[in-house]
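Structures for review follow.
Each of the two complexes below includes chain A, the first together with chain B, the second together with chain C.
Up next is the complex of A and B:
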C-alpha cells in the first residue's frame, strides 16, 4: 500500500514537471505553428538562474524567502523568450517551416553553450530548499514534502493556464490567432504582439518547470536536450497545440515512466517513444489534437 | 515563398563534366599532397557527404524533413560493430553490405509508419522512432556496450589490405581514404541517376504538388516509402564507413542532435541543389573540426553559424555561390 502510494506520488511529481515543459511547447505550437527545439534549453535556463540566485542569497535570506526566488528562473526564461521571438523567429514566418525548425536547432546549440559559458561545466543545485521541508506522512507513507510542493505547483499551473486561456480576454485573442491568424489580424488583433506574448508565456512555463525541479535534480548541462525529447513524447501523445492534451500526456508519461523504472528499466525509454509512435500512427493529431 | 528550380539538367554539359573531373582529381590527389590529418578530415567529410546525399533525397527532392536520420547512420555503424563483436568479421566489404542491408531494413520498417505523414508530423515521428533505437543502444549495455559503445578494429579491405595490426593513421590516410572515395563516387553517381530517373522526377512532382502528382498517376505513398528506404540505405552506408574511421561507436550517433547535424550540413551546402549536401558535409566537418580544436564552446560557434545561415543565406553555400555567379554574368 505504502509503495503503491509512493509510486503514485512519484508519477504525479514527474507529470507536474513534464506538464510545465510540455504545456509551453504545445502553446507555442498551437499559436505560432513552430516546434521550438530550443524549448528544453529555456527549461534549463530556469533551473540555472534559480540555482544561481538562490546560491547568491542563501547566506543572507531565510529559507522561506528562497522559495520566492524560484520565480527568478521562470522570469529569466520568459525574458529570454521575449527577446528570442522578435529577433530570431519573426523574420522567418513567411518562410518554409524547415527554416523555423533549423533556427530553433541553432538556438539550441547557442543556448547550450551560453549556459556552459556563464555557469561552467559543473552542476549547480540548491538542495537547501528540499532539505528545509523534510518529509511528511501521507496516508501512512513517508514522502519528501518538497515533491508534494512541486505537485501542487504543477496542479496550480494547469488550473491557472487553463483559466488564462479559456477565461480571459487575452485567452480569446490567443485562441482566435491560433485558429486563423489572418482572420484574427483582419479583426484587429495585433498578431505580432500575441505571438511574442504567447512565446514568452510558453518560455515562462518551461522556466518555472526548470526552477522547481532544480532543488532535486540540480541544474546540469544537457538537461534541456533530454527534457525536450520527453516533452515531445508528451505533446505527441496528447496532441500538439492542445493544453488538455499536454496534461493528459504528462500524466500518461509520468505513470508509464514510474512503472517502467520499477518493472522494465532497460526498455523504459523505448516504450515511451513507441507509445508516442503508436499514438501518431493511430491518431496523427494526438489524443486531444485537431487534425 | 519563391521556389528555386532544382538545377539538375539531364544532359551533362561539357563544363559540368570538366569541373566534376577536376574535383575528383583534386580529391584523389589529397593523400599525396596533404598531411594525414587533412586527409582524415576530408575522409570524414566524404563519409558525411554520403549521409547528406541520402538525407537530401528526402528533403530536397521529396520535400520531407526527417529529424531522425541518426537512426540509419547509427544502424549502419552498430551493425558493423556487432558483426565484429559476435562474429569476428573483419572484411570491410561485408561491413558495407551488412550496413546497407541493416539500415535499409530499419528504414523500410520505420518508413511504413512515417511516410503517411508530411511536414512537422513526419519530422517528429522520424525523431521519436530514432530515439527508440538510441534508448535501446544506451540501455541494453550487455549487447551494445551502453554509453561506452563498441570498439571496431581496423578492417581488411578487398580481402587482404590493412587488417588488425596495421598502422592506423597510415592505413586510414591512404588505403582507407581511397576506399571511401571510390564508394563516395559510386554513391554520388547512383544518386545522380536516381534523381534524374523517372522515379526521381516523380518524387519532385510529389514535393511540388502532392495532389497533382496523385492525379497524374503517381502512387504517392509508395514512392515516398521507396525514397525513404533508399535514403536510409545511403545514410547507413555512411555509418558503416564511419565506424572504422572513428574506431568506436557510441549511442551519441543515434541521439537526436546527430540527426540535427545531418540536417545542418545539408542546409549549409544548400538542399535545393544536387551537390549542395556534398559541399555542406565537407565544409561542416572542417568547421566543426576547427571549432572543436579552437574552443570548448564549439557548439556556440556552430549555433551562430546556423542562425546566420538561416537568416541570411537560406539557399546555402552552393545556392548563394550560384546566385553570385548569375549576378556577375548578368552584370556583364
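Up next is the complex of A and C:
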C-alpha cells in the first residue's frame, strides 16, 4: 500500500516536470507551427540560472527566500525566448520548415556551449531547498517533501496555463492566431506581438521546469537534450500543439515509466517509445492532435 | 564437484587483508627520497621534436566529476617529465585533449583525426567501457600506440581486440569490481541473502551485476535477487528506482551507478531513508573526484573505487610514492586525486620507463615496436602499489582495493575508514593467463569452475 502510494507520487512528480517542458513545446508549435529543438536547453538554462542564483545567495538569505529564487530560472529562460524569437526565428517564417528545424537545432547546440562557457563543465547543485523540506511520512512510507512541492507547482502550472489560454483576452488572440494567422492579422491582431509573447511564455514554462527539478537532479550539461527527447515522446502521445495533450501525455509517460521501472526493469526506456509508436500507429496526430 | 570450505578460511586463502592503513590521514609528511626509478642516461642521439599524446576523457556532463581528474593526472605527469627535459631528456610531452562525452562514433572519428592529422605519438585516457571496445580495434588499424587508463571492460581484450599489439590498458580489469564488492559485503555482513540491484544499463552495469552474483553465490551460498533496476547512463532522476528498491525490502543494495549519476542517486536515496533500511555496497561511490561528495554522504557503506585506488591508501609513510603523489597532485590542482588521476599519472610514467628501457638496449629514439616490447611484462611501482602489464593480453594488474565510507574531521568529504580498507591480491580474483575463455567473461567462468563454495 505504502509502496503503491509512493510510486503514484513518483509518477506525478515525473509527470509534473514533463508537463512543464512539454506544454511550452506544444504551445509554441500550436501558435507558431515551429518545432523548437532549442526548447530542451531553455529548460536547462532555467536549471543553471536557478542553481547559480541560489548558490550565490545561499549563505546570505533565509531558505524560504531561496525558494523565491527558483523564479529567476524561469525568468532567465523567458528572457532568452524573448530575444531568440525576433532575432532568429522571425526571418524564417516564410521559408520552408527545414530552415526552422536547422535554426532551432543550431540554437540547441549554441546554448549548450554558452552554458558550458558560463558555468563550466561540472554539474551545479543547490540541494539546500530539498534538504530544507526533508522527508515526510505518508501512510508509513518516507517521501521527500520537496517532490510534493514540485507536484503542486506542476498542478498549479497546468491550471494556470489552461485558464490563461481559455479564459483571458490574450488567450483568445492566441487561439485565433493559432487557427488562422492571416485572418487574425486581418482582424487587427498584432501577430508579431502574439508570436513573441507565445514563444516567451513557452520558454518561461520550460525554465520553470528546469528550475524546480534542479534541487533534486542538479544542473548538468546534456540535461536539455534528454529532456527534449522525453518532451517529444509526450507531445507525440498527446498531440503536438495541444495543451490537454501535453497534460495527458505527461501523465501517461510519468506512470508508464514508473510501471516500466517496477515491472520491466530491463526495458525501461523502450517502453516509452513503444507507447509513442502505438499512438502514432493508431492516431497519427496524437490523442488530442488536430490531424 | 566444487569443494566446500568455511568463509573465513576461504577469505584467508585468497589473501583478503583488512584494516590498519598506518598513520592517520591528514599527516602528509614528505619522505626525502625522490621518485623510485632512477633515470638512466639516454644513449645515442635523441630528436627534440615534442612527443605528442592525445588524451581523451569526460570534460562535460555527469561523467566529468569522475573523468576530468584523468586529464589532471596526465598533465601533472607530463609537467614533471617536461621539467626534467622531457622523455629521454629531450622530447617534451605535448597533449591534445578530447571530450569523451561526444559519443562513441564521434570518439572513434576523433582518434582517427588525432592520429592522421595531429600525428599523435600515443593515445591515452578513455573512461567508459562503452568506448574502449570501439576505439581499440581502430587504434590497432591505425597502428597507434595506445594506453587506455580505464574503460576497463573484460570484453576489450577477450573479444574486441583479442590479440593486441598497439593497445594496452592500465587500471584493473572490470570483473574485479563486482567481485571486490561481494567480498567486502560478505566479510562485513555474512548473513545477507536478499539482494537488490541498481546499475546503469550498459556493459559496465551488466558486468558488475554478473560478477557480483557469481562471487556472492560462492561466498554466501543461497542468495536471492529481489529487485533489479537498470537506469540509463546519465540519468539523474532515480525516485522510481529507489522506491522499487526500498519496497523489495532487501538486506543489501548492490549498485554500480557512477559519476554525477551516483551523486544524484545518493542524495535522492537519503530522502527515502534508503540507507537506514538496508546495507549498501557500491563499485564506484568513491570513484568521483573526492570533493564531489558531501558531508551528507552515508557512512558504513562499501564505497568502491573501481577496485583501483583511493588516495588515503597506502597511507602515512607506508608507501612514500603515494604520499608524494597526493601532495604533488594537491599542490598542483588544489584537490585530492581519484583513481582516474592516479591511473593516468602512472600510465605516462610507465610509458616513460618503457621508452628508457628500449633506449638503453638499442640507443636513439626507440620505435613503437621496441616500446611495446618493453611495456609487455613491465612491472612498475606507482602511487597505488605495484603495477604489472601482462604480456599475453596487454592488461595492467594491481592488487584490488575497496573500503567503507566514513566522515572524517580531517576532510570536507567522506573517505575510507582507515581501519577497514580491504585489499586482495589481483591473482586471487582474476582469471590467470592461459585459462580457457568463457562467457560472459573468462573470470566469471574461472570463478564458477575453480572457487570452492563456502558453507
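Rule of thumb we're sticking to: the second predicted complex is superposed on the first by the 289 of 291 C-alpha atoms of A that agree within 3 Å, B and C clash if a C-alpha of one lies under 4 Å from a C-alpha of the other, contacts with A are read in each partner's own complex, and residues count from 1 in each chain.
Heads up, the rule we're going with is that a contact is a pair of C-beta atoms (placed from the backbone, for glycine too) under 8 Å apart; a residue touches a chain by one contact, two chains touch by 3 or more.
Here the structure is a predicted model, which means the values were calculated and not measured.
Peer 1: Label the relationship between chain B and chain C on chain A in the superposed model as either fit or clash.
Peer 2: Chain B and chain C clash in the superposed model.
Peer 1: A:116 contacts which: chain B (first), chain C (second), both, neither?
Peer 2: both
Peer 1: Pick one for A:3: touches chain B only (first), chain C only (second), both, or neither.
Peer 2: second
Peer 1: Between chain B and chain C, whom does A:266 touch in the aligned arrangement: first, second, both, or neither?
Peer 2: In the superposition, A:266 touches chain B and chain C alike.
Peer 1: Please indicate which partner A:147 is in contact with in the superposed arrangement: first for chain B, second for chain C, both, or neither.
Peer 2: The answer is second: A:147 touches chain C but not chain B.
Peer 1: One more residue to check, A:258. First (chain B), second (chain C), both or neither?
Peer 2: second
Peer 1: Just checking: does A:280 make contact with chain B only, chain C only, both, or neither of them? Give me first, second, both or neither.
Peer 2: The answer is first: A:280 touches chain B but not chain C.
Peer 1: So, does A:97 touch the first partner chain B, the second partner chain C, both, or neither?
Peer 2: After superposing on A, A:97 lies in contact with chain B but is clear of chain C.
Peer 1: In the superposed model, identify the part of chain C that clashes with chain B, out of 132-140, 222-230 or 348-356.
Peer 2: Clashes occur only in 132-140.
Peer 1: On chain A, which stretch or stretches are contacted by chain B in one complex as well as by chain C in the other?
Peer 2: Common to the two interfaces on chain A: residues 116, 265-266, 268-269.
Peer 1: Please give the residue numbers of chain B that touch chain A in the complex, ascending.
Peer 2: Interface residues on the chain B side: 1, 59, 65, 67, 113, 116-117, 119-121, 123-125, 127-129, 131-132, 135-136, 138-140, 256-257, 260, 263-264, 267, 296-300, 302-307, 309-311, 314.
Peer 1: Please name which positions on chain A make contact with chain B in the complex.
Peer 2: 33, 35, 37, 88, 91-92, 94-99, 101-103, 105-114, 116-117, 225, 229, 232-233, 236, 240, 265-270, 273-274, 276-277, 280-281, 284
Peer 1: Can you check the complex and tell me which residues of chain A touch chain C?
Peer 2: Result: residues 2-3, 6-7, 10-11, 13-14, 116, 121-123, 125, 127, 130-131, 134-135, 142-144, 146-147, 213, 216-218, 220-223, 226, 257-258, 261-262, 265-266, 268-269 of chain A touch chain C.
Peer 1: If you look only at chain C, which of its residues touch chain A in the complex?
Peer 2: 59-62, 64-65, 68, 101, 201, 228-232, 234, 236-237, 239-241, 243-244, 246-247, 260, 263-264, 267-268, 271-273, 296
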